[in-house]
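Structure record follows, encoded as structure tokens.
Chain IDs A, B, C and D follow the sequence of writing; residue 1 opens each chain.
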Amino acid sequence: MSTQNPVFIPGPTNMPEVLRRACDIPTMDHRSAAFPEILHPALEGVKRVLKSTEAEVFIFPATGTAGWEAAICNTLCAGDTVLAARNGMFSHKWIDMCNRHGLKVIQIDVPWGEGLPVDAFADALKADTDHKIKAVLATHNETATGVVSDVAGVRKALDAANHPALYFVDGVSSIGSMPFEFDGWGVDIAVTGSQKGFMLPAGLAIIGVSPKAMAAIDAADLPRTFLDIRDMKKGYEANAYPYTPSVGLLNGLKTACDMIEAEGLENVFARHARIADGVRAAVKAWGLDLCAVSPDLYSNTVSAIQTPEGFDAGRIVSHASTRYGVAFGAGLGDVAGKVFRIGHLGMLTDVMALSGIATAEMVMVDLGLDITLGSGVAAAQEVYRQSAAAMALAAE
Amino acid sequence: MSTQNPVFIPGPTNMPEVLRRACDIPTMDHRSAAFPEILHPALEGVKRVLKSTEAEVFIFPATGTAGWEAAICNTLCAGDTVLAARNGMFSHKWIDMCNRHGLKVIQIDVPWGEGLPVDAFADALKADTDHKIKAVLATHNETATGVVSDVAGVRKALDAANHPALYFVDGVSSIGSMPFEFDGWGVDIAVTGSQKGFMLPAGLAIIGVSPKAMAAIDAADLPRTFLDIRDMKKGYEANAYPYTPSVGLLNGLKTACDMIEAEGLENVFARHARIADGVRAAVKAWGLDLCAVSPDLYSNTVSAIQTPEGFDAGRIVSHASTRYGVAFGAGLGDVAGKVFRIGHLGMLTDVMALSGIATAEMVMVDLGLDITLGSGVAAAQEVYRQSAAAMALAAE
Amino acid sequence: MSTQNPVFIPGPTNMPEVLRRACDIPTMDHRSAAFPEILHPALEGVKRVLKSTEAEVFIFPATGTAGWEAAICNTLCAGDTVLAARNGMFSHKWIDMCNRHGLKVIQIDVPWGEGLPVDAFADALKADTDHKIKAVLATHNETATGVVSDVAGVRKALDAANHPALYFVDGVSSIGSMPFEFDGWGVDIAVTGSQKGFMLPAGLAIIGVSPKAMAAIDAADLPRTFLDIRDMKKGYEANAYPYTPSVGLLNGLKTACDMIEAEGLENVFARHARIADGVRAAVKAWGLDLCAVSPDLYSNTVSAIQTPEGFDAGRIVSHASTRYGVAFGAGLGDVAGKVFRIGHLGMLTDVMALSGIATAEMVMVDLGLDITLGSGVAAAQEVYRQSAAAMALAAE
Amino acid sequence: MSTQNPVFIPGPTNMPEVLRRACDIPTMDHRSAAFPEILHPALEGVKRVLKSTEAEVFIFPATGTAGWEAAICNTLCAGDTVLAARNGMFSHKWIDMCNRHGLKVIQIDVPWGEGLPVDAFADALKADTDHKIKAVLATHNETATGVVSDVAGVRKALDAANHPALYFVDGVSSIGSMPFEFDGWGVDIAVTGSQKGFMLPAGLAIIGVSPKAMAAIDAADLPRTFLDIRDMKKGYEANAYPYTPSVGLLNGLKTACDMIEAEGLENVFARHARIADGVRAAVKAWGLDLCAVSPDLYSNTVSAIQTPEGFDAGRIVSHASTRYGVAFGAGLGDVAGKVFRIGHLGMLTDVMALSGIATAEMVMVDLGLDITLGSGVAAAQEVYRQSAAAMALAAE
């Protein structure tokens, strides 16, 4: 696989060179005075990206899965009940984790391609008058289906029911790329990783924790050490870590936050929307449908594209890889073989996006799908031309 | 702190440029055919460094602490009993972790500076006739005290007692730098990390697991997901990971194994011994003592050096950092303020070691200790001259 | 200008990461035994790329202009006569250099877009019965017009006239990308640089010198020191340079030759032809013409594309840069404002080429040219699909 | 040769990582608007390092030798007379270049180890009443002998004689490391390179040119194109180069100037003096002499150290390289075999310097010289301790 072409997987993303260099630094003594100069700005940067003034941010040298696990282990007790929906591979996996940790899960199954069932959540919360539900789990952006859900709506449901449950949100493939309002949405723990919106290598599990969730930590009895927020908090207070931190990745995270803020968080979101619009215009020009069932659910970080009945979508991914050296995402779980995914998150340019669209076209034609070469490219070009013109005008 | 000077902390080590570059690679699709070309050689390389033909190796995107936790979570049940000694900060922390996970710990306290109490272990194992002890925990090299222990001796004690307990060894600061015999010593789980003998950034918890330990996994009831060996094993069998792997670090690990084997594992051990001899010659010339109480306990990866009664050894570390831009290790736990540490593991040259020794001398004289400038350097130079001459002769 | 998009200038080219790293090495003593391990393989690699068994290769820490100057200074005397054609900016500049060095130039002017006037050269050589012409200068690939000329034909003209003149060829934008036969074409000095077919940063002037040209060196009286081949030759014989060499670039050159040979020189040429075919198919689909007046002159490293009468082609270059962050080449000299250039040399993929073509389309539509979005992309996609399929078939 | 140890050659120097990265950038279109953002700050930065308000700076993609050649070719005519002293290898080479270009050289031979013969220059200039001497050539710092000369004194001699000759100074191994006053010393052309005080790879010839020297350019008749200042000047005025520039190195130069000015030019000089003092203290402790005959001539960038009569100093260099992986400089020309050189220029720390001194000691003892291990280190440690203490005090 050529390393010259961009990747179009929904994370890890294409890494800007400045971030690769921020991560690749000589060995630094993590107990020296230089370390807090990296740690604290990284923590503060994440807070701003989360749009929170009150969250405490903790960063584990791990991945998003550990972030989920940190959320539940640090706040819940064996036997506690949680409420969750299963509408894609990642919500599925989080539920599985809860089961393994001895939690009881009220699981609401939703067809893949749909969003969080806000109404069903509202009903379940209203029905839970004795507050057995200790936490509600929501996947903001289902990476498997390209579906972004109504996280604010679930908060409204909680509030409407006057329900005290903690609210945990998986924002792994949304935070830093799509609007996320930690405080505004009343999130108690938000989970993300380094390799998506932050454009870094995998290796950091990043969580934001509300004061309410912090208050639950001492009573939580699920065993944990590596992921124990208490040790981490104590460490930060002493400018240190409870174990050896990933100094390079933390420096990358600090730099990524600087980079995001230099572009402007809203501009980053707008860029993701713009790039995604181009991809969606191409999909439409190809005569194909997204997995996401309605436009309000369209993700700006990944598009899962349905291929015609009877066609194995996985062939697109493998053909693109072997013949053109380009990586797309395969369908997972319930939609395996039915969709292929174009990831369009992180630091992407219009020009890069067009190369992915052009490649997808060649692949689909090679495999006999009824696609016109250049059709999707032309549709995306039109989107990018107009948005570039509008930006140029605005900058005048 | 200058990044031009080597660091002399006991890990993370100075990183050879070839390893930094192996870690810093463009984004690769971890579901592509290129990934197993990295994963499997890394796993095989670790096996050879462990000197094992039968271990299964698992690599978590985490740190050594997670490696310890993976060992206990995957093999033990809540309420199980383990046998452990506390002779330094890292054995202390592992015991603490066991307590947090609801394990019962038979803890043998040993003065810091001493090694594993093989006889006491033997007694405890003999006494445990109904085999309540499910696992014995040993720290091969106590990074806090510069003490290397008799791991083989504990195995002998297990065998002498005909005891079925699993045998877990923390080899974080020994594996890849000092002789380690996974099969030969009958180790069931060996734990290490990327940032010591493998000369990489922190971010990988690496464990080797014996068939006997593998057999214990299904029955283990401590909750885990991120660290679940079962998911990891299933992933590897499909050339994949249960979540996003640290592809760059894995590529670094593969390359580090190649590098170690190109030099020759025994040569790497000999180099560590040689460099350490020079440091110890300097310590002797300074008229100071090591924390390790006898020569058989001297670690070849880190020397903890006792400073005179009444002198705060921590001042050496901070003065070296602020005045000369050089990082040494501070004393931890029971020996905080009493020792400072010179780390000498990883890819170090004689010339680099001499610069650390020369700096330590300046620092100690600056701080009023009765040290003769050049004395330790001269003693180390003599060691390095002679060993270099011997190697040159051998190479003829 | 984003550094994420490929560049489409006709050199310096997009640099493969492996070559950037080969250039970016720590300081090495260029008088140590490590240096000849870089120098000699680099010299030998260039020889093979030149397809020569007898050339001596010299590499100056300079650029192609210095390569031209080295050719004339080391072989000619003030007042000597040379024969040259002016059919583009680079042949123009070489002639200008000859004039500045007091050489008499028999200059044959040719419309830009045409190739070397082999017949006119033949006539001039035949007419020069007393052999006043000491050297014939030929530009293999006119980077300004995208014209590749018949270098072999000029050799035939020399031979037909039985003329002893030296034969100097500027292969700056052809060597390593298009077929070049130093021995086969009877070239006496070939000139190239690091930043084109060798895919490196600018900074090396590379020349191959035939035994016949070497024999002319002592008699040459044009003054030179930095570019004196005699000093360089003496240096190489002692594994050294007459002054400080660009060790990093030389290491890059060695690695570039390895890379070219690993792909196969003929495969590299075929890849350039294939990529160029795609670009030319796009140009045709746009309804535009190349500057090169006939297909036999089409360069596989750069296409100069004529824009409609009255349209300032320079606007394409500046608009592409400011609006889309993509660099194309402007028209130079006689064709300034009349053409824009797409460079397609060096390590390019189909996918990268498509992104350049797609960008050019957006730019031309933005600027009001009558171009259909997607049309050029579709034409190129067809070329790339078919060639990729053919290669896949051949590899089976 | 290990790349982990610092080099102690008198250039190329150890490169700070930030400068390596500044040089190693992705391909940039040198005709884009991004290029002048690199070029002009680099030119301005050099001017400030030269301490000139009126010099025009020109940067050729070449080396210091080309800088010398640019100085003479652009200002002199064939047959012109220049005045120069030969007191080391680099003054010797410049004289040789003048001879090759048909200049007449009034050559004053001086024993190697001595400085510029200011009095002899004064006499020659006074005697030249008809102003045949068109230029005076001075080597500020003789890298071969570690001798820094009185450049200001020669200017005084010129002024005393009221002589209109141009004044050219080779500052290759002094500029950026030792005080240099372009305007203050009335220098007409100063020559330096990228690989010494600017801490970059070799590959840039950097010259500063006074208005008086600029005025001589049109009349100069020595042939030149690659090194023609006129083309370069015209290029800069159009934000461009007459040929492909070394964009990476220029970006490195810009960054190096920023780095030097962030430290403070006077602080950089003081650091070089301090490091050199330590080396000289070591030499004295070893009982050896410098090649430089008196303290006022001691160079702060390189020390040439005399070895005892009958001992081949070259053995030190080769033994250090093969046995300890450390590069020192060999003796050149008249002092070949009689001296070895420790380069101590560029971004060096005390700690790095001590490692070089410690290595030299081991080497000399290995080779049977009567040196006490640790003696030179101790002397240098004392210098570095005291200077570090003084700096710490000053910073309070």
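Simple rule for what comes next: a contact is a pair of C-beta atoms (placed from the backbone, for glycine too) under 8 Å apart; a residue touches a chain by one contact, two chains touch by 3 or more.
Chain by chain, the UniProt names read as follows: A, B, C, D = Aminotransferase class V-fold PLP-dependent enzyme.
Predicted model, so just to flag it, every value in this text is computed and none were measured.
K.L.:
Which chain has its C-alpha centroid at the greatest distance from the C-alpha centroid of chain C?
P.N.:
B
K.L.:
If I rank B-C and C-D by number of C-beta contact pairs, which comes first?
P.N.:
Spelling it out, more C-beta pairs touch across C-D than across the other pair.
K.L.:
Where the CA atoms of chain B average out and where those of chain D average out, how many Å apart are those spots?
P.N.:
That gives a centre separation of 46 Å.
K.L.:
Taking each chain's centre as its mean C-alpha position, how far apart are chain B and chain C in Å?
P.N.:
The separation of the two C-alpha centroids amounts to 54 Å.
K.L.:
State, to the nearest whole Å, the distance from the C-alpha centre of chain C to the C-alpha centre of chain D.
P.N.:
One centre to the other, that is 35 Å.
K.L.:
Provide the list of chain B residues touching at least two other chains, using ranges where the numbers run on.
P.N.:
3, 14, 17, 26, 322
K.L.:
Along chain A, where are the residues that touch chain D in the complex?
P.N.:
For chain A paired with chain D, touching residues are 17, 21, 26.
K.L.:
Which part of chain C faces chain A closely enough to touch in the complex?
P.N.:
2-6, 14, 16-17, 322-326, 347-352, 354-355, 358-359, 361-362, 365-366, 372-375, 377-378, 381-382, 384-385, 388-389, 392
K.L.:
So in the complex, the part of chain C that touches chain D is made up of which residues?
P.N.:
So the residues of chain C touching chain D come out as 1, 3, 7, 9, 11-15, 20, 23-34, 60-66, 68-69, 78, 96-97, 100-102, 193, 195, 201-203, 222-228, 242-249, 321-322, 327, 329-330.
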